[in-house]
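Order of writing sets the chain letters: A, B, C and D. Residues in each chain are counted from 1.
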């Protein structure tokens, strides 16, 4: 007896750019959208019956059409409109829309922002995930690939030593990470752009502002700062690779290296994940 | 009231090569290992107390040491030895080891395999994930990034049409995917290399051998074939991007294009996921 | 008769971070360095004679040591010190040092730059290439991966039409590119950081400020602007992929798309390269 | 006086798949094509005059159309047809076509190759570059990203030691590289598939079969073997990163590591390049 268990399907990597043209210059939005559906799709698997299978090409078209009609505001509202649209199909139980927003800013020309020329850049990527069911719609926001470094005030000591331990304790290491932070909002209808900016600022400021005894504690401190400063946020999930920077031994060259020259590495790296949330008290 | 919820940490991207030297030539193993632990790590987050935090550097060292002592057999046995080692620490509740095995074969020299020279290649990457708790150890195996194509016998029709649907029905499209298939074994102590080869063969043969009305049905057919042919497997999880290949319109150039010239694309792509398992009957 | 022709060797992807610690906060430099040597290395190839082969590991060590002693100023000066160091070995005829400078800025905390916490970002990567021979040292600087877009004032028309031409003429397309611009300085000993900032500003401003009839003309206009504004620059080499953004056809959905919703693509892309220089006049 | 110097333009990353359907099964070709033109394009730069600018979109269309009509044989012949087509335009002086051929093989089903199902894989990528001028057409072929390793018979000693040298001499290291080899044919009209297979075999066999005192010598030995065995080849250009594999120190764990456990690295890496050719004797 063989059976179908969890399944979902959708369209990923839908790329779109929207230029809103106005008298004071163009507004530029650059998104990568992924849509996934769960629901009554067993017959599509076991019987080759596509009568309930909304084509992923249709999802793509819908993302483009809604970019025209539903993208005046924050990307969370666009994602919500998309998710709730797909939930109108009775066979759909869960519609999930994930959006990455790529950052562009107007180019400065002699101190004035150009109305029609932009440069891509930014620090990390803004993301939003909207999950809609008939019972509720969940909105998560966050940043991915935000690369940050503390050049001091980071330690790691007091850890257990066994026969495979060679790492020295340190009270002053360099801490670097490519941070992902995703937070879940407790209620709908927020001013998502404003809240996003606020949470991101808290994230960066709390990263800069604390003494770190470990990446684990840093996650706790940053997530707690977000929850304490932003009532809209119910939960914060963080993933921090520990991108090791090793002090180079310059003694063979007659040079001292007092926390000055490091070699950054990516393989291997630590990987620390935790979720912090409001509890029942 | 703010509280720590799910958390885990470990070392990722541990790269190692093992050369087992013998009279008939060298055996080469090339692995990327990731280790993650869950357990009593709350104090590390909330109190900056590292006394229970096994350093990720120690994990790396252990992976290297066990590569010397525990890697004569399949990578599942190496992963199990590592996972169970970390479970010996009382603060650890779950130890997960993920291993990717990169494929090398001896270079042929005039029809004879070289004893000491190898070329990397292969089709997809072998993976294994071992999850150990005090109650049980779970072994999953699989392949990632296995790129396959059906040049005919793939259709997609009968799907619903709404105001955003423009896709034509087709009874003969090209289907291409970069397949991930992960299967869970029901019992420990298997001849993992032999079973892996068998499952992989079933996967490829069933991909080649069926008429596909949709990617969903293809997943079902391949997963069911694995479960029917391999009693050791309890469950198969598959992720298939649908890497669209569009027929090029050659009519402007006075040429017919009867399913001959396609342009492959990666953005956007369909993304179809399902788990198929033995049920209770 | 088989002979050795052009050859060179070196060390690439040398990663290093330098933290200059001061009372007002840390200065952070993050570089990727590549060193290549040409010269009397024939015996290393044809005779297996390494007596003149400066080990690439030695090059790496030298890059680290010079990061301690020679990196107070612009990366061009550091690169020059390295290149001229290797040229001291009599077997070396040409020493080339390529440096990429990765951008970090101090994190703002309540309006004040943190002294010891940084975020990586920026728009494009600064590069410098120093080529030293006994006759001369050449300094090139530039930017790579600078992603820019013009949302209007870009056209492409008047091109020839043959039997394979289907592209429509357009007087208003979106132009996007990931720009590489490398410029050669005419004399040594410049204030490289200041000049770099000036050239980069000219590049961005001239990109924003012109009407483009083609990518070719855009290159000419930007390169000429650099040469006209910066006497220090002798030559500008530019490589611009044309990252096409296609207007989405929204008519099937009853929507107009007046230069508003585009789908960005990367495959295929145009690729336009040109060098512009001061002539003999 | 500012002037245009070297310039060229074209279309890159043209992706195409060709399925030749026959009674005994399908033949699958998967190519990435890049086309570049040089010639009388000054006015396009300096005057915004596109009257001679063959649109890169037209190049793409031509690549697709010729895939229908000119791709029965080796990719070198397809590339040549394309290059010579573009040279028919009087404003074109040089047409360069670069082709990468991605490897697929039929899936085995119970020992028989499937007629219509394929798996992508292979070892390295086959490439061809055809450069056509009115004077001559040059055909280069080669392989890229061919990852190979020697587990013994590789040494590096006798190199000079200066104040920055710390590397130990070794008579038995592991040598790994991701090899690029490009060879130029002396005459046109070859059986390119057969010659390619022969040169590639010589390359791999000579890699496997020699004792290496350095990467430089390995390049010489492999390139010379190709020139000695294949009269069709005039010149071989090789680029070999030296992907270092460092012996792990297992002594802290009470274990010996006699050339058994290595950690592979990619940053930094050596980078060795040389061209070997037939000389005038």
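The rule is short, and it goes like this: a contact is a pair of C-beta atoms (placed from the backbone, for glycine too) under 8 Å apart; a residue touches a chain by one contact, two chains touch by 3 or more.
For clarity, every value in this text was computed on a predicted model and none was experimentally measured.
Across A-D and B-D, it is B-D that has more C-beta pairs touching.
Centre to centre, using the average C-alpha position, chain C and chain D are separated by 24 Å. We define each chain's centre as the mean of its Cα atoms; on that basis chain A and chain D are separated by 38 Å. Annotation: 29 Å between the Cα-based centres of chain B and chain D. Counting partner chains per residue, chain C has residues 15, 61, 65, 164, 166, 252-253, 265-267 touching two or more of them. Shown here, the protein chains touch in all possible pairs.
Interface residues of chain A facing chain B in the complex, by the touch rule stated above, are 1-15, 34, 36, 41, 44-58, 60-62, 65, 89, 156-160, 162, 164-167, 213-217, 219-220, 223-224, 227-228, 235, 241-242, 266-281.
For chain B in complex with chain C, the touching residues are 163-164, 166, 252-254, 265-267.
Those residues of chain A that touch chain C in the shared complex are 15-21, 26, 28, 30, 61, 64-65, 67-69, 104, 107-110, 114, 116-124, 146-153, 174, 204-205, 207-209, 245, 248, 250, 252-253, 255, 257, 259-265.
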